[in-house]
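For reference, the structure is listed below as structure tokens.
The first chain written gets the first letter, and so on, giving A, B, C, D, E and F; residue counts start at 1 in each chain.
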Amino acid sequence: MIDLLTIFVLAVFVGFEVVSKVSTILHTPLMSGANAIHGVILVGAILITGNAESALELVLGLLAVFLATVNVVGGFVVTDRMLEMFKGHKR
Amino acid sequence: MTVQLVYLVAALCFILALKGLSTPRYARAGNLIGAFGMAIAVVTAYVHGAVHNGLLILVAMALGVVVGIPAARSVKMTAIPQMVALFNGVGGAAAALVALAEFLAVPTSSVLFRVATVLTVLIGSVSFSGSVVTFLKLQELMTSRPVVLPAGQVVSVGVAVVSVVLAVAVSVFPSGFLLVLLALAGLALGVLFVLPVGGADVPIAISLLNAFTGLAVAASGYVLANTLLIVAGTLVGASGTILTRLMAQAMGRPLTNILFGAFTAPALVAVAGEQRTVRSGTVEDVAILLGYAHSVVVVPGYGLAVAQAQHAARELVHLLETRGVSVSYGIHPVAGRMPGHMNVLLAEADVPYEQLKELDDINPGITSVDVALVVGANDVVNPGARDEPSSPIYGMPIFDVDRARAVVFMKRSMRPGFAGVDNTLLYNDKTTLLFGDAKDSLTKLLAALKQL
Amino acid sequence: MRVGTPAESRPAERRVACVPETVAPLVEAGLTVLVQEGAGRHAHAVDAAYRAAGASVVPDDPVGDVNVVLSVQPLTVDQARNLRQGDITISFLSPATEPDLVRLYAERGVTSFSFDLLPRVTRAQSMDALSSQALVAGYRAVLIAAERLPRFLPMFTTAAGTVPPAKVLVLGAGVAGLQAIATARRLGAVVEAYDIRAAAAEEVRSLGARFLELDLEKQDGVYASAQSEEFLERQRELIGERVAASDVVITTAAVPGRRAPVLVTTDMLKAMTPGSVVVDGAAESGGNCAGSVPGEDTWVGEVLVHGALNLPSGMPVHASKLYARNVLNLLKPMLVDGAVVPDMTDEVLAGCCVTHDGVVRKELP
Amino acid sequence: MRVGTPAESRPAERRVACVPETVAPLVEAGLTVLVQEGAGRHAHAVDAAYRAAGASVVPDDPVGDVNVVLSVQPLTVDQARNLRQGDITISFLSPATEPDLVRLYAERGVTSFSFDLLPRVTRAQSMDALSSQALVAGYRAVLIAAERLPRFLPMFTTAAGTVPPAKVLVLGAGVAGLQAIATARRLGAVVEAYDIRAAAAEEVRSLGARFLELDLEKQDGVYASAQSEEFLERQRELIGERVAASDVVITTAAVPGRRAPVLVTTDMLKAMTPGSVVVDGAAESGGNCAGSVPGEDTWVGEVLVHGALNLPSGMPVHASKLYARNVLNLLKPMLVDGAVVPDMTDEVLAGCCVTHDGVVRKELP
Amino acid sequence: MTVQLVYLVAALCFILALKGLSTPRYARAGNLIGAFGMAIAVVTAYVHGAVHNGLLILVAMALGVVVGIPAARSVKMTAIPQMVALFNGVGGAAAALVALAEFLAVPTSSVLFRVATVLTVLIGSVSFSGSVVTFLKLQELMTSRPVVLPAGQVVSVGVAVVSVVLAVAVSVFPSGFLLVLLALAGLALGVLFVLPVGGADVPIAISLLNAFTGLAVAASGYVLANTLLIVAGTLVGASGTILTRLMAQAMGRPLTNILFGAFTAPALVAVAGEQRTVRSGTVEDVAILLGYAHSVVVVPGYGLAVAQAQHAARELVHLLETRGVSVSYGIHPVAGRMPGHMNVLLAEADVPYEQLKELDDINPGITSVDVALVVGANDVVNPGARDEPSSPIYGMPIFDVDRARAVVFMKRSMRPGFAGVDNTLLYNDKTTLLFGDAKDSLTKLLAALKQL
Amino acid sequence: MIDLLTIFVLAVFVGFEVVSKVSTILHTPLMSGANAIHGVILVGAILITGNAESALELVLGLLAVFLATVNVVGGFVVTDRMLEMFKGHKR
């Protein structure tokens, strides 16, 4: 428990620090990238569904898997498109 | 153990992804690393955790891919923010569903577990419904104006209180029904939270909801005792919060205005009717506007002289040129207070004569100028001189900077220029005001540009 | 209709009111343009160039032959006698110093416009010949001073020792004064300036020069109004010490329609370093400096006083070019179907019209 | 020992070889200093100031009365006749143009030093009167040109239209040429320059001006050596077009001891814009520009050619101050116990010594 | 649980401490927060963990305080680096001792545990002996020159191999004797590591040893299964590593040179004898030198003109002035290539005349000038003109910048100036060379100064 | 075990990030501050000594306590002195 808390605290710091110097121009891509990352709930959804015992659980789990997948693939693809735009700019 | 190690590697990938995404140079690589981390995590989870229902899961994932990729591919560049909002929303929903399902599976575990569940469900639902509303707003499926409901504040506070009560209740007495009620309350809260947020602030709200989803995922990590979810969710939660603050700062908006959008009416939103509003930007905004422009015209005026900012202007132009921006100076015949005032100053700063352009050089191509940077000039760019026969300065030729793609105005206040005439350009949508002494502003701008 | 430009006949005038560049637009507008042979001589505008631009070069004074006369200086009384009812003249013309000419114009029904009276509103800036010529005057005043000064203006650190920068004092920071400040600064002098208008302080500083803050009331408005003799006395007292400390003094103080205020006295001149130079830009309107004679260098002790005489005329090419553009810009709104038809309800034209339809529209002394 | 400064008697010379500031150190060193009445008149150095510094002001020419004579121009033959064995003179003195005077010095056993021959080594820079006076000359050349040009040098964008900056071409970028470049740039002109010395290109650019790269060999070394007539012919061909494109040409090309090369021909002048101005800084040594006459303004078609005559003398206060310091710095190493004793083994003194002990040490024509 | 929470808070304090210490504004607060965190951690450990020997522990701690505080208080500012080295060393020793003691107490636990123990002991001893040697060097109790032993490389490699073998051995067969041997090998390794490091590099070595100690502490955290030690040790290890890299960069030294000091001879060390060496610095070095100086004299020369760096110079001076540095320009009578060359340029850049000083203004007070910044000048600061009668420029007055506290030279190469004479000032100990075009260098310097 | 590893990894990131933008002028104080922080080994030393069973352990432990204390107090005090110097600088 305390280890998880420690992990949480450290992750908060890493999250803060990593992002704190971002240039304004990257705000939106960064937001979108982070958005894709929280799609990791897909892992949770798979685990839940993989162990579902009732039908309700299964339905909820499958819905979660579907939604999380949309989040993940959509998120990474959109972010990449945005960044392509940047690459296109001269210099 | 191996599974855990893969998760650890995935978490590492996510950290590196965020790190990459915060520098222009590595942003793309960062995104790819993130995707890689996600891939190995998902595969591992599937291989190791999809004990039952493996096929169904695959189908659900395939469906997700089929929906997600084309949506992300086909969306217009301008519609990306609402797309991000939508993806964020479904992520939140997924988190809430996961917690709900786990709760149904193991309803009678410890209080801590229930607290985590409650948090996941509540935050997940807020995030979902809030995101959907922002999507509707940005997609203009509903008004993008702030919607202030009658008694909106009272309702919001009410729903918030109900949510808290429900949350505490579920934590103490595990009950599926109450949990569903809580989810509904969360959905309402999300809607109420976003409704009063107006046009320009919506992206900030999205960013905040994004951070919320991160927290929901982290909480679900506790529910599932899964370190990866905890780390990744926390990362997103923390970085999303900081990012939200940065975005609010960059737009010059106090974050509280947005956070408590439901309770206080936003401060600077364009209100229809009589009172005209101006948009004042930050040095960073302007730096980006300039740094990523292709062509810039600098229009200096008497304020440049008063501030003795000629050297600073020259440096700025020089820096922009080294970045590949094409820049020229628009020298108006009566800029300043004596004939040739600008010439004298710019010659002193050693600006090459070739960069000095006149009305006839600039105006014909002005519509393809990305940014007109007006440095302490006023009358010489006042569209009233062109459009309003009643104006005392009607008939003076001006630089038509109102026809450029964007205008940045550097002056100290809203006071008019020599002619004492109000300038409608200050209230134009395209215009960003940078208040302060021109030399100060230019110096700061220079520093900001170097950071880009 | 016919527009004509005579060769200037008043002494010390080397400018011309119309240059080849400004002929073309008039011809395009359907006017016939006559230019007297050699009118552009000093301004290096040769007759052939006028012809190429579409003008007829005529051997004699075209006045009397044309409907509109463009000149720099006011016409002579002799020329005016040749004008007919409805003819138009455009030139500098100060009613206060030319009352007879003005009366003659009125008698003959001539419509006369004077740049001296042009309202200084935003729209009229492109017609503002006072400004354009003051620009030239301010620049030339510094060149004249630098040429006469037995010292350097800029600072030099050399193997043979260091030469400190010259100190230049500019009194009167109107258009000419500001340009003088800018030019002296360009040449490396340390410049300070004074003016009684409140807005001048910021304007002086906007050129990187020091503004001399004196313990005197300031005036608002575009032009200075006449000052009382006590005021001027106080001003002279306060300025004295700064004059003595300067190597060059350039004066351009003026009050429209009045004698220029005397700001520098003989005593002050005597207190200056030997070899110093004063350029009195207001010499023609009475002089800001005691003892200045227009067009002459006068030694007062070891100090040289140059009385300016028509400074813009000393740089005729560009002075003429700017003046001719001002003329053209004044004419433009009057051009209607190949004719010149002044609209007397226009505040700018009304403001600078001296006589019209037999009426003298400004006060005469 | 006694040191004396006569009033300059050659025409067009307004400088003086000794100013009150340089008297004091000589007096302190134990010398008696005599200055002729009114010697500093043009340089605004009054007799009283000399007295205050410790000099005796004498009514007549002190030459013959003193052991060391300081002057700007070489003495006249009459003055030289009053000199005695062992007397010392310090002045400009070009053996090539004053062979008689030099022979007379030698006959009378006079030791004469000439600034024209001072070796240009690092140590001698503080004595280098050629440099200090060329500094003045380059600055004045631009002022003279600007004063005579009927146009602006700087660019102006005004309500009456835009005036483009003047184009200035400087030929010969020695000390005077470089200073001319700097001064013209200060006034806002667009400047380009040419010199045959290889080092000049970088020097010109170091002043922010454009160097004109011509397809001609470059020379190494401090001074230019004489060029063949074919070379000059080629040079003129290449320069022609740039001269025509310029509003102002300032020439300062020189080869020590030789006639100045002719760089600008009458044809080139005719191709220039009417009203352009050429200042020929080498007019006294034959002229870089065809038809220039020292001290006169000549019109060649519509182009004004000013032949410079003793440019430094036009700014006598500072020119004298710098020259007098050079003189003092040259004297300093010779001062031994209140006497002036030149050490002829010193490379600098040996280098600039024209006659000593009855011997003419430089070639005469 | 409470104990763990306190430890977590302490860890948090340490993170904040490091964060604070990286910005000048919060550095002091950071240090205090760190001390606070330490205090609560120690008190908790004592209250909770000092089951036996409480009094003895108190006495040992009291002794530590009695020794530590006066030492830290009384040390001269100039001797601080060696003091830090010493403190670092005792920390390393403590870590090694803790691991040793724990090993003695529980010798037969898992392999992982033994690996952690071995690492702690090894790294701790290296850190201890290495720190002691750096202390001796800096305190000049031994030569501060790099000491290259005959066959030093062979010996070092040998000891390293022995250490690895011992480490593996102890991990596999727990043996107190071998562990002690390992500690001895570590001690030898530390000495061998630091001996070849020369003068200027010693601080970098200290920083690296500091990071080592951090790692030792982290490893001991595994040994004791104590999260606080892991977190704090890792923090120090990681930040110390980065810091070491930054320090090496700031000194323009490749880190490998120092890391493998035992194997490669350092590159730029002043060798006695004939060949004269120059010291070229980085822009950052010079920025610090200037930014924290009290008085600076800028001596421009022909190179300033060639580079057209007058505007950049003015800006730099301006920036220094806003930092409170008093700056003037030393204008030599013959600087440049024409009389008044510098005047012309500096006037163009609008440098106020009052800032231009001559030989007689500067030279009398030159010994109290902190930095003389020579921008593209050469002959006019050549001490040969003053000191060497045989020099062709002997007798020309110069700026005696060799008598200033420090000299910075900006030029492109080692080529001489106009007179073609070599300049001994370039080889002076006080001189830092900044090679490159003067305008470039000044622009970079400006950017670096703004970072300070 | 994996939690400890996670903690370790996160702490590494925090350590990197927190320090990565430090201005050159703070290098030495930062080093010294970090130095004081690793004095936290004192906690370990106390725990070991508090549970020491043999005399050898006790001696080693006490020595460790002593040394670690020197590290801690000396480190913080020296750092503070250095920073005082900074404060003293004008501006």
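Here, a contact is a pair of C-beta atoms (placed from the backbone, for glycine too) under 8 Å apart; a residue touches a chain by one contact, two chains touch by 3 or more.
Computed from a predicted structure; not experimentally measured.
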Of all chains, the one whose CA centroid lies most distant from that of subunit D is A
Copy pair subunit A, subunit F: interface residue numbering same or different (half cut)
same
Go through A-E and A-B and name the pair with more C-beta contacts between its chains.
A-B
Could you give the separation in Å between the centres of subunit D and subunit E, each centre being the mean of its C-alpha atoms?
57
What is the distance, in whole Å, between the centres of subunit B and subunit D, each centre taken as the mean of its C-alpha atoms?
69
Distance between subunit A and subunit C based on Cα centroids, please, to the nearest Å.
74
I need the residues of subunit C touching at least two other chains; which ones are they?
125-126, 131-132, 135, 154, 156, 158-161, 186, 188, 208
At least two other chains touched by the same residue of subunit B: list those residues.
15, 227, 231, 333-334, 339-340, 344, 347-348, 350
Multi-partner residues of subunit A (each touching 2 or more other chains)
1, 3-4, 6-7, 10-11, 13-14, 18, 21
By the document's touch rule, what are all the touching chain pairs in this structure?
A-B, A-E, A-F, B-C, B-D, B-E, B-F, C-D, C-E, D-E, E-F
List of subunit B residues in touch with subunit D within their complex:
331-335, 339-340, 342-344, 347, 350, 353, 356, 358
In their complex, what parts of subunit C are in touch with subunit B?
121-123, 125-126, 131-132, 135, 175, 178-179, 182, 185-186, 199, 202-203, 205-208
Touching residues of subunit A toward subunit E in the complex: what are they?
1-3, 5-6, 9-10, 13
Seen from subunit C, its contact residues with subunit D in the complex are 42-44, 46, 125-126, 128-129, 131-132, 135-136, 139, 143-144, 146-147, 149-152, 154, 156, 158-161, 163, 183, 186-188, 273-275, 302, 315-318, 321-323, 325-326, 329
Residue set of subunit E touching subunit B in the complex reads 311, 314-315, 348-350, 447, 450
